[in-house]
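Shared chain: chain A. Partners: chain B in the first complex, chain C in the second.
The block that comes next holds the complex of A and B.
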């Protein structure tokens, strides 16, 4: 086993610095926005002089709190996120330092579970919800989403007292694109055989993008890319696996960890904590609001219908990263990704790329069983 | 027990007549549209000279067929509907005469499960999907939905070869409103104590509205209202129960039957097979497309956020129908209605109206357990 990449320490160390930064910002009157999803454009938040962190929960310990009101049979991410809010706002001591750093929540009408959970949030935190058209292809859908983004802009202007000007918005777009380009540079190196970094390492880095400041995160990725570019190729290798499906929020690394402990190497993640977060850039030469509406509505989340662009993206990634097999990951009770699996599987069958479907929650009770299934899968694709 | 209402026979007899009518229409070139949801306006379909029937499945026997591809842990209505399509289009003999009467399916982006199931339909039947904004309150949402309705109109014009003119559309609006007024007349009589009709009887009638022709259905409701207006009040009475929640499609009368077998009387159903299907009329003096967009987007389905209008509607109905208790019905794994229950329950608590939550599928295995819970609930509210 190769020694871990030194630059990964940067991300660990940045955590406390960021907490301090956010606390200080709040004292100085900066509004901190909590979000739950990639569909809320960071660029608009930053252009309004606010800051943001993503509140999606990957921890199991807040779920019991959520289940005091939410149904048991909904996705663990929703329960974990809601439980963290309830706990933090009702003087609990479970976690979640992040919730307490936030002034308002900005959510979006994505999946049924999240959409309805958001209706319960205003009891704990001021909540603003962006609507999303669900058939993203048409000009009318772009127009509708654009109107939602502009309303959101006005909401932020009222909240922060700062006007959002076009120049600032363009600056934020360029800056977010810079992050996206760096992530492409990082992910490109994973095409090597063997790749210079493990999937578990990348996942932990990707989870940090939702908490660190953009500057901090970019600096970390820059250091990481530089170190990787000069790294001696690791001795270890194994079947090249793509993870595809639901997000793995901070605290949840279960499936990636099992896959790599079993001797495979994850070379790419098609998920909100993988390619979906950075793949497409925002057009820089366009009117910025329209460019944002177009780019964000293109995010191939399973809440969109039909989601053909996701399916062709998965096939492209499988080729580009020389993937031996795909582990399709569904958070338990996530109907969107669960049903969409059928179309993904069909497309991959044509390409002769095997797929293993795993549906799981945040608990430990299925770790052994998943391990056995992954063992069998890796034997098959080796 | 009072003898059953004679007019109910009308609905039974109409079934075969309607099947014959649809077959004949198809021979003559009329296009038959299969729909799955209240959000697709019948008026537009009829104004294009097409006919329609609703394909939502309430039967358990098509579910096994669906589970050959769909995940097990999604709602039984979705599985039953999909199974019927697969079975009918693959030469199965389970059912479903209805699917074979249909030329195309027109679906809508409501819940996650349906939305993703629709993506699998084109393999079996031509499928058109209407988008729905999910935050229905804003003028921009109306504009977007209006554009979706107009596109749908154009699609129907191409399909049928008939132009949709404003006059015809207005005529269809008036005619659908006439049905809605008749249903108000029927439901109003259920405010009596005891009501002149049982909930199980009403449910079977309401399920027919999705299959019979509008003329047939109106005639049946007219006869039924007249008979009820002259009926001797039934001797039987019991706690007055409202059913609220998910639709009960033809074939599924499980919960209503149990509730009334246990001695209660259902006086109103707040569901797609109850008030949601007819409560609001379309404005007749308005530009018809806009009037349709406004009325249909007001349907208080749990796919909308926030769905405050549903909650206040439930409270209104509970008062208007002098309800002793509410049975809140969720189809298993329906996140929307399941999570929305919390807000409904809170509103009802203020009104001191007890609620019993039941989540169930189409199987028989929980009939005894549900019976015991309903027994206890009725004892409490009596």
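The block that comes next holds the complex of A and C.
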């Protein structure tokens, strides 16, 4: 075991500072937006003078609370998120204070489970839903999404009392792009063999991406990259693995932890807590609203159809990161990613890249069974 | 070179001794509460029966669910790899393996003894030996007789539930309706077979398939699979030891 990366402490410390910062900002009248998805553009929120934090639930202890209202057979992320909102708004003490930090929730029309859960939220918190075209490839889709983004802008202007001007929006685009470039730098270093950072370490960082302020987050990534450049990682004994699939929200590190405990090293994550969050940049010398609409519709979420861009992206990543195998991770009852697995698997078979499909929830009851599969898979690809 | 393989399974523990890649002997016994004690016991028995001193065994490899508990083993390998190696030793031509054990079922795709893909069902008892064990109890038939009884059926009953708990009550209601025991037995076996066939077809297994694990001893089950696949399955002389055998072969290097 090599000593842990010191820069990771920065992220932990920043987390505490950030909670205080958000509380203070709110007192001073800044509107704080709770989000659940990558499709809600940070740039517009910041351009309106608001701030944001992600509310996606990765904890198991709020699920029982959610199941008092929601069906059991929907994904744990939806249940955990909803449970945290209900608990926080009904005087519970299960969830961390995140929900109490927000003024409104900006939701998005992605999967069915989330859409229907969002319909229940207004009882607890003011909720705005951003609509998404789900066949993203056409010019009409861009036009429609553009109109949705502008509507969202107007909503934020009304909420904050600040007008969004083009110059500010461009500044925010540059700022978000800078974060994306830094993440590219971090992820690029993982192409080395052996990589200077583990997947579990990267996950800790990525889970804070939309919680910390952009300045805090970038400073952390800069420090981390510096430290990694001077780190001599121990020789690699296990295979290079890529994780592909559902997000791993804060509180959920189960699969990455098992894979690396079994001796493999995760070199890239194709997920919302991985490449999907930063891969594409927003074009900077274009009309900003259009540039945003185009970039955000390129996020290869499984709620899109057909999602060919995701499949080719996975194959591309597998080559770029020299992976020995892919662990395809789906949250239990996440139909989008679960069904899409078959097309991904077929494309990978052609490329002779092995895939192991794991479906799991937030509980610990299947840790052993998953371990058995991972063991066998790692032996198979070694 | 003498090597040993221990398969610390959830339901049974198996041990195989090999000398220069030839099987010297094997032992199968129910797993008690403690994996290690069960393994120690049958390993000692096997050594004694084979007249081999423990110190003369150069390497011991463990596999199975409890492999990490086998402290006297030099290494642990996954049961997927172990079965593939064990089956390859017995039937080199095999391309696919159906393993139905007490607590899980697996489909393994192999090429020259190497695993190329696999699928496991172990989240619930459906499609495993446990399903047959519980439902046989509801039918009041010893588990070992269930397969033979099923072969006597001409009109297998339809068992619609694959949940072990619900299937148990389904058996009871079929009995109450006066359905013959052999027809219910055949229905149960067909149910498990269908469940596992879905996995096998998902893995595109068509021919040269071995059937291993405790449930492979069930004659009715073998017939049900063969009917479904339209082929003859390769079943080892002792279908429960392929995991331990594969571990002993791996230990040989």
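Keep in mind that, in the parts below, the second predicted complex is superposed on the first by the 379 of 382 C-alpha atoms of A that agree within 3 Å, B and C clash if a C-alpha of one lies under 4 Å from a C-alpha of the other, contacts with A are read in each partner's own complex, and residues count from 1 in each chain.
By our rule, a contact is a pair of C-beta atoms (placed from the backbone, for glycine too) under 8 Å apart; a residue touches a chain by one contact, two chains touch by 3 or more.
All values reported here derive from a predicted model rather than from experimental measurement.
K.L.:
Name the contact category of A:338: first (chain B only), second (chain C only), both, or neither.
P.N.:
A:338 contacts chain B only, not chain C.
K.L.:
Determine, under the contact definition given at the top, whether A:237 touches first (chain B), second (chain C), both, or neither.
P.N.:
Neither chain B nor chain C is touched by A:237.
K.L.:
Regarding the shared-chain residue A:100, is it in contact with chain B (first), chain C (second), both, or neither?
P.N.:
Neither partner.
K.L.:
Quick check for you: in the superposed arrangement, does A:73 touch first (chain B), second (chain C), both or neither?
P.N.:
In the superposition, A:73 contacts chain B only.
K.L.:
Thinking of the overlay built on chain A, is A:303 touched by chain B (first), by chain C (second), by both, or by neither?
P.N.:
Once the two structures are laid over each other on A, A:303 reaches chain B alone.
K.L.:
Once the shared chain is lined up, is A:135 touching chain B (first), chain C (second), both, or neither of them?
P.N.:
Only chain B; A:135 stays clear of chain C.
K.L.:
Who contacts more of chain A, chain B or chain C?
P.N.:
More residues of chain A are touched by B.
K.L.:
Quick one: classify A:154 as touching chain B (first), chain C (second), both or neither.
P.N.:
neither
K.L.:
Should A:120 be classified as contacting the first partner (chain B), the second (chain C), both, or neither?
P.N.:
A:120 contacts chain B only, not chain C.
K.L.:
Kindly classify A:372 by the partners it touches after superposition: chain B alone (first), chain C alone (second), both, or neither?
P.N.:
Only chain C; A:372 stays clear of chain B.
K.L.:
Once the two structures are fitted together, what part of chain A is touched by chain B and by chain C alike?
P.N.:
No residue of chain A touches both chain B and chain C.
K.L.:
Which of the residues in chain B come into contact with chain A in the complex?
P.N.:
So the residues of chain B touching chain A come out as 69-71, 73-74, 109, 111-113, 115-120, 129, 131-135, 138, 140-141, 143-144, 147-148, 151, 302-303, 305-307, 333, 335-336, 338-343, 359.
K.L.:
Hey, which residues of chain C end up touching chain A in the complex?
P.N.:
65, 77-81, 114-118, 120, 122-123
K.L.:
Taking the touch rule as given, give the residues of chain A at its contact with chain C in the complex, in rising order.
P.N.:
Those in contact with chain C are residues 354, 366, 368-369, 372-373, 375-377, 379-380.
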